[in-house]
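Structures are listed in the sections that come next.
Below are two complexes that have chain A in common, paired first with chain B and then with chain C.
Presenting the complex of A and B:
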């Protein structure tokens, strides 16, 4: 590549300003061409496997089951009228919102506990608490499934020891919903913990000292110092986790496959069942597309939060 | 008189100091105890995986005594899996896919991040924003149209389709982290190199990559995690056992109808979780630093 040579030429001929300007422009032009070329693989990847499929999904969702005729929006209206799909919408929201609130709360508590203890031991505790998040989710969900097993459940054994009757963990709708949420909280809390811990560490100690001098108690410090300082990171983490949880597939698929009586299906698992297993690709595509508005909504606010944050750090 | 008040004051100060000290100590011990409770709860599933993997099928089905203890530990499940040709295939496929995905993703994202953080071109700003938005697209949104597209390319039931598709999940975040790390490198450094006659590839190779090594490690771990643990794409696109990767292989091979060989399944889970656990044990700090920087900085 000869790009680097354009500067020395410009430097060697300082007298002829016109030529220099020309070479500078050529340099800038070449620079941006090289820049574009370096981005080309990324652009091709995103265009080919993200943007094109997104538009293709919209096209697919407007076809009939055999993909021969155009049916407009009737797949969407058909889904909305279907009782199972109404359940799916309710359950996806329940699953995502409950899990994210619990993850955020427990993560916040854990981050505070971690922040209390001295730095050296912190690493070990953090390592132990991050284990759920490190194991591939599909693998740990299998373990949870085994612990919820109807006849060999290890939880039921403990309950029986205390004289409590066995619980049909994955056999009854609301209990199964509770179980999927539990697994998600178990898996996702460590992520919140490390994000919040990083945020806690970035709060300047002087603020707490100033608050203490003004006579603030622990609760007041939490509400008037910690939370305002962490607001941005809390918002980004919650919204980001909302997207991931809302679109979750692994837990529900492995634990219940949507059962009992479709009472745990979420968008992703229902789309898989309709689109891949039953072979109704257009209907499956429309199920997935129902996720889009809420994802776009969350993504908009995440992006706004991140750019705000970048500005704050820059100033 | 003044001496007595002074003494009194000193006493008050001392007692306050010890009470403050005691309070701190209480807070510390309280934190330790609470953390210990959380750690125990969080480690129950991995512990139970380990316990079950050491049991024989007979012991599991006998249901005598506590399921939380092993009475006759045995390594037969592990031995079965290691010598089981299908499991070897899954493991090998997972390793091949992951290595290729990491190499491809890192190449694409380092080149793109170098360009986006240093060489502005028309639309480079909106491209960085677009990259971040792509990071927020979950795999479950597009797997059905991708099923059609992969079918048209002819890669259905072929693990090479994962090598093509996983980078779409890994590259956006890797690029995002790398832009952050590259932007923090002082501009004077590459200007000096340019004047010395280095070309862009040399600048990238000799300055940017060595300086931003922590970021590269973090991004590599992210790409590894994504491609090792992904479940939806292989479940949807692979269906014969010689093409499967670990996550789907374990579930579809070891669970046949209603027969659950839980000992073997748990041993397989443990073997499949081993590479991530080992990698995280050594490189956790880099990853956490990269992750928190990625989400909080730009």
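Presenting the complex of A and C:
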């Protein structure tokens, strides 16, 4: 057409193309798009280092020893029938649950003590008590191993000074279990302490004053103000610590290597023994995946509770 | 219900800073006393010492005939309402109000009866099952008051309870607090920095400054007969105008106040005896904005005309505030909104000198 407004068939109108470019630009400039693009490198990293290995482990756990045949869940059923693995489940639960309870309890007491120490002194004590947590675990566990040595250890020397016979710390099943738990508690308590200390500092002072005027004593303040106000932090710390403690490897590997008589094996050390040392990678993968459903289930409910409480008490 | 006495009470913090410097105060049974003053004057510290939340460095606090210096807060039988409510966020409104009674092992039906009664007085019955998060600021403040009421304590303590509310709600809650006190008649000590709150609520107002009590009196007393320049300036809104001046001989054998070379006003005859002794001394003339108003041809004894150049005009609907400068000192007049006032113009005003105050320039003492 002579007026120059005709559009050849099959060619996009200049106006539509401009509109499309405009909408693309708007899409690229949208906050959610920008946010996603900024997060993309991290998402790719997580996909590469977490999601892919996790799915690969699930795939491996369903293969036979030679990794040639798909065997479904038979690795898991085989494991459940083995006495050693039953011991591993028991020891892992005993190790993780006892350690977490002790860490939470001692951490809570230390946090309270710390909270009541005045400013500068508190900083010094806080720094000192954090030392176990910042020393590389393998190194500190090696030191503990020396201290548990049956012939030349510090502990036995002290016992001998009081006329008590030497104790084979890492040589007898239940004592060795006690030792692994002790080292884990020593290492993990500062984390609880620092988390609880932060939580304690965030409880408004006026709530304690109101409780004091309402007639509450120290214990009542603890049960009716402190603990309810700290429930979220306690839940998250316990969950986090439970996951990490169930996955613990260094302490048991260095102190006992799972012995004596497999009595101190936890999932990680047993998975290493079965999968790497004995060359049965699918079975090792099955061991390492064993706690995943239980922990995922626990994490779901704990985090749901945390979200609910946060909504309830947020002001 | 009880009397409260504060005797020579001192509060000194580490480093020797004295927040309260030996104050004396007697509060009668059923009385509503408001401690008012600027930030850092020691009013909240005094209240917290009465509550037992701050240790006393010196002196004695008596509640209902007993010295309570070493008695912990829970055994003082007091209830306190905090500025930011201090409601337990994890408890429902009912549990918040019932907490003190539960700790004191009251029977369940008695707890329910008291909470319901307090909720009815405060009009919060529908809120009893809610958590504090689901309440507005005003509702939270009512719950905090409910928590105090259910205990039926000897003394109520309020620590700036309305400071976190918006202006409209503050006025509404002020009336509620007054109504509650008229109903329960518990001895009340109330802290605020808002002098209007103090004037409207109090049986007696205690004005504090720099850790000492400046003046104690009824709201009318403080307004009409302040004893210091601080009280005169603190009570009343807008604040009293202060003009440096000198007392000198006036016309017809009377006295006059010379403010500037061009502004001298006669002292009413009734005050001549009182002010005669200060002739020739450096003084400060105090006059409230409401006693400086539009010029009336038909004057009254004690009224005098002054002409001042208008600086700023603030119409407020029911009245207009007109601001001037007299020899560098700001002066405010409260005039009828119909009066013409334009910046830069000279405005004729009437000063009601029957209401004037004269203070010593060095001590600030009203003479």
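Heads up, the rule we're going with is that the second predicted complex is superposed on the first by the 264 of 315 C-alpha atoms of A that agree within 3 Å, B and C clash if a C-alpha of one lies under 4 Å from a C-alpha of the other, contacts with A are read in each partner's own complex, and residues count from 1 in each chain.
Just so we're on the same page, contacts are C-beta pairs under 8 Å (C-beta built on N, C-alpha and C of every residue); 3 or more make two chains touch, one makes a residue touch a chain.
Bear in mind the structure is a predicted one, so any value in this text is a computation, not a measurement.
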Which of chain B and chain C A:204 touches, first, second, both or neither: second
Which of chain B and chain C A:157 touches, first, second, both or neither: first
If touched residues of chain A are counted for chain B and for chain C, the larger one: B
Contacts of A:229 with chain B and chain C, given as first, second, both or neither: second
Contacts of A:244 with chain B and chain C, given as first, second, both or neither: first
Which of chain B and chain C A:219 touches, first, second, both or neither: neither
Chain B versus chain C as contact partner of A:165, first or second or both or neither: neither
Chain C-contacting residues of chain A that also contact chain B: 309, 313
In the complex, chain C residues that touch chain A: 51-53, 72-74, 78-80, 82, 84, 86-90, 99-100, 103-104, 131-133, 147, 151
Sites on chain A touched by chain B in the complex: 1-5, 7-8, 11, 31-36, 38-39, 41-43, 45-46, 49-50, 52-54, 56-57, 60, 106, 109-110, 113-114, 116-117, 123, 125-132, 134-140, 142-144, 146-147, 149, 152, 154, 157, 186, 189-190, 194-195, 198-199, 232-233, 236-237, 240, 243-244, 246-250, 253-254, 267-268, 271-272, 275-276, 281, 284-285, 288-289, 291-292, 295, 298-299, 302-303, 306-307, 309-310, 313
Residues of chain A that touch chain C when the two form their complex: 204, 206-207, 209-217, 220, 224-225, 228-229, 231, 309, 311-315
Residues of chain B that touch chain A when the two form their complex: 27-28, 31-32, 34-35, 38-39, 42-46, 48-49, 52, 60, 63, 66-68, 107-109, 111-112, 114-116, 118-122, 124, 127, 129-134, 136-149, 164-165, 167-168, 171-172, 175, 194-195, 197-202, 228-229, 231-232, 235-236, 247, 250-251, 260, 262, 265-266, 269, 272-273, 276-277, 280-281, 284-285, 288, 291-292, 295-298
